[in-house]
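The structure under discussion appears below in the form of structure tokens.
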């Protein structure tokens, strides 16, 4: 699959809407509307709080009261509370910006579209492929319950999901992975969330490079999972590191949504739905927390 | 308008969907779907970045690279970037949780539903009315372009929007403020965003108590504006502080969406639309940044 | 021992020097100078870095580059690096301000000198007994190597050091604990620093209330230890929580220096020395990291 | 003056004492002791608090309560307070580590001793010349009250202090700048601290390159000032940026102490004293806040 050049268009402004990587310009088309039958809404976000699993290479989460009700007596009878929030963008339910992952070519890290990572980053963040470029994400969503398709509650630790696994799941669920869609993969690993964080972070089932190729050939818009990496973790030690991340994000502009909560949606056995996620447009950041939903 | 008791239901879990304050349980009903004509999507979020206006009583914003592409040579050829993000929840486009505002009654601050603020807060945040309770927000949206209704580009500094102003705008736009809707008020103050932050933060046009009563009588779900306070700022020095915040949030469970970007939507002159916002479920926090959209 | 009223003197200014709790006004007297024989300097600070032990009720440590050499090409040929530093004041080698600990009296928490904790704290920190009140600490220091006095490399987990233990150590070392001095207690627990953080944080040998009484009767200026709490941890479950902290800090104004590194000083078997620590004057904070030294 | 190669010695451990740049190994020698006459102690630190001046390229200061007395009812009758402290290392009274400044040579930034800045920095900080290398600073201090020597209360904005200015001040004060000493320059700019931060940060009097050469020829250990840069600010636009920083730190290993409070010391007209500063050993950081003292 050829990588596509992402044309830079100058600083993103409030209200701008455009494509990002392999994601189309958002539009709520009749085809998408036809996915809505009951109008029921499923929240696919894990609660964001201290104690959630995340990779130690990321900064720590902190949610702490700053001003408490009663601190400003001059405002009486009104009172105000607020807090300090330090978020590790890549812990909790989030979407990766394409600035998150690069690949060394000719000795230098490159981002999607052949952009030099070094020239795109300084202490203010990234000037290309940063989170301020995120459009609203409004797509057909397809849930692939790989665990259920294998008659399992949860996939084995570090299981590598192949193209054949996806094909078998499509057949069992009677769905087809299509172009411009959000593919959500359920492994069952949510059961380890905050219960066995080491397992959640370090032994996640996920796509191997074969599974990633399968999805890229279908030209999907993005891929999500109920795991921290979407990718099989650890990746195959015989091959290069992070093969799925580099293949999907850097080569194909297909980004990841990680640490989704999919169990209630899977229990409803509704495999096709309207998927909406609204990433925060944080200037120069490598991703954003999101609260994605499925409308069935 | 009587305040309603909000029944607490134990810790919110991933996937839980319920009402919050005056917001209904989310459902994409046929009535809401009928608002979608072209399917065009408007982004109503200001870009989140250093230099945006926010009230000094809130913690500072910080978006700073942490790991840069090339920092982990063992991962070659893959490279990874991430960052530290410290967000002032109440700066930038955001929605207030009901834990944000209280009112002193019998000498003690109370939140919506008569909950004691003191007993609901500790160093981990709020145990009631915190952001983890946010449902997806899926509502009929109504834009009230108060500035345009007065044939102005921007309302005067500190202008107090009355019920009569709203009524006149409804008439001019041929719309009616209805129950269970998101009402978005345009003052034109976005022109001062990052250009004249002092004016944006300290002299915002906004609802006065009369305008707030008008909206509460219509039993709306939430009210937003293209200003930092939604409320006229400063409020009337003759009356109690923060009269609109306390009346709407504490007495009526009608929350605020602040610092919206409404100019492109207003330019389209489409005053009724499908409004979607997906607040992050941050445990115990007093609000969340959002990237709200209007689908017309 | 009667508690002493600490007279508040208005906001501390740069350069102000005064007493703090039981610490005298600093002066390098001939008596103190007589402690200096070789002039050798011992650093008593543990390196401050991620991965150090600290109690989970404190915010996380973060030391992360912000600007890197090369980020500001306009400055060439000069280059600049800096960082973001988030410090948990009570992790790492530090001194407690008297604002750190209170005791409930008549239903309300009180600080040293009968000051109401509630009226002294708001979102800007403490208006009484905060770290900006710290004078330079210049005292006679006495090392009590309790472990060595018992012919041990390290005291048993959670061992409670009694007055009799201190008396026996004084005798063995041929020293006497005196008024206005800094008493540094060595337990040997530094061996667990970053090696067994759980043990360091949760099973520290330390003063029990009997040992604390012994030191307070000698009217010392402050007490330090090579442990996280100075106090036996956990404290005796039959008695009230934090008995040593409340007795020393709240009742006697005798503050704590925690997580000292004493092994090299102890190896030199020099038990009396000039002790210097220079706490940062952080407005309203409950303590400060320090780099204390012993000059022998 | 030739640059000296700083030999790296592996990770610094707690208790290690060694030299740093041009600073000698600390020892309280008889020569230093002879500087102590009255034993009086002067605090040379500005209070560290929100609202202090610092350069916008540095992260913001935050001192905010985290746990408040009463938050942990299980500890009653004991109560505990602590806070979140985010420190901009280069705002407030601080000492620069040699990792702070580099100079591009052969196209790459180099630190003191010819160390490659790029190879010495990653997301954990600096592996060379970081703050964990700081020894206790125990030196003869010499105050040069340049303002008073010119019969001024405060030097003119952006005044460049020359070697001749220093020579004249030495003569007037009857002192000599000597090898291995801490030279503290008083400009009078403390009067702008928190009163006119823009002036303090952006128009500071300070050393020009001629003055820096004069001090380096004397082979001093470090230079401090009551300004944010020590160096004349802005520097001469005809020459290279940051000429004094690069000459002193990178070429000579002579570090800076910035934003000192010198007014009370200057009022005492005691120009030679024992200078002590005890920098925190923060792994990989580019400096440390300090509370320096003069003992006269």
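Chains here go by letter, A, B, C and D, matching the order in which they are written, and residues are numbered from 1 within each.
The rule is simple: contacts are C-beta pairs under 8 Å (C-beta built on N, C-alpha and C of every residue); 3 or more make two chains touch, one makes a residue touch a chain.
Since this is a predicted model, take the numbers as computed values, not measurements.
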Count of contact steps on the shortest path from subunit B to subunit C: 1
Pair exhibiting more inter-chain C-beta contacts, B-D or C-D: C-D
Subunit B and subunit D, separation of their C-alpha mean positions in angstrom: 45
Rounded Å distance, subunit C centre to subunit D centre (Cα mean): 25
Contacts with 2+ other chains: residues of subunit B: 57, 59, 62, 64-68, 72, 84, 86, 122-123
Chain-level touch network, classified as line, ring, star, complete or other: complete
Residue ranges of subunit D in contact with subunit A within the complex: 57, 62, 64-66, 68, 84, 123
Complex interface listing, subunit B residues touching subunit D: 59-60, 62, 64, 66-68, 71-72, 86, 122-123
Contact footprint of subunit D on subunit C as seen in their complex: 12-17, 26-30, 32-33, 36, 39-50, 57-59, 63-70, 72, 74-90, 99-105, 109, 111, 117-118, 121-126, 132, 134-136, 138, 190, 193, 240-242, 245-246, 261, 263-265, 274, 276-287, 289-293, 295
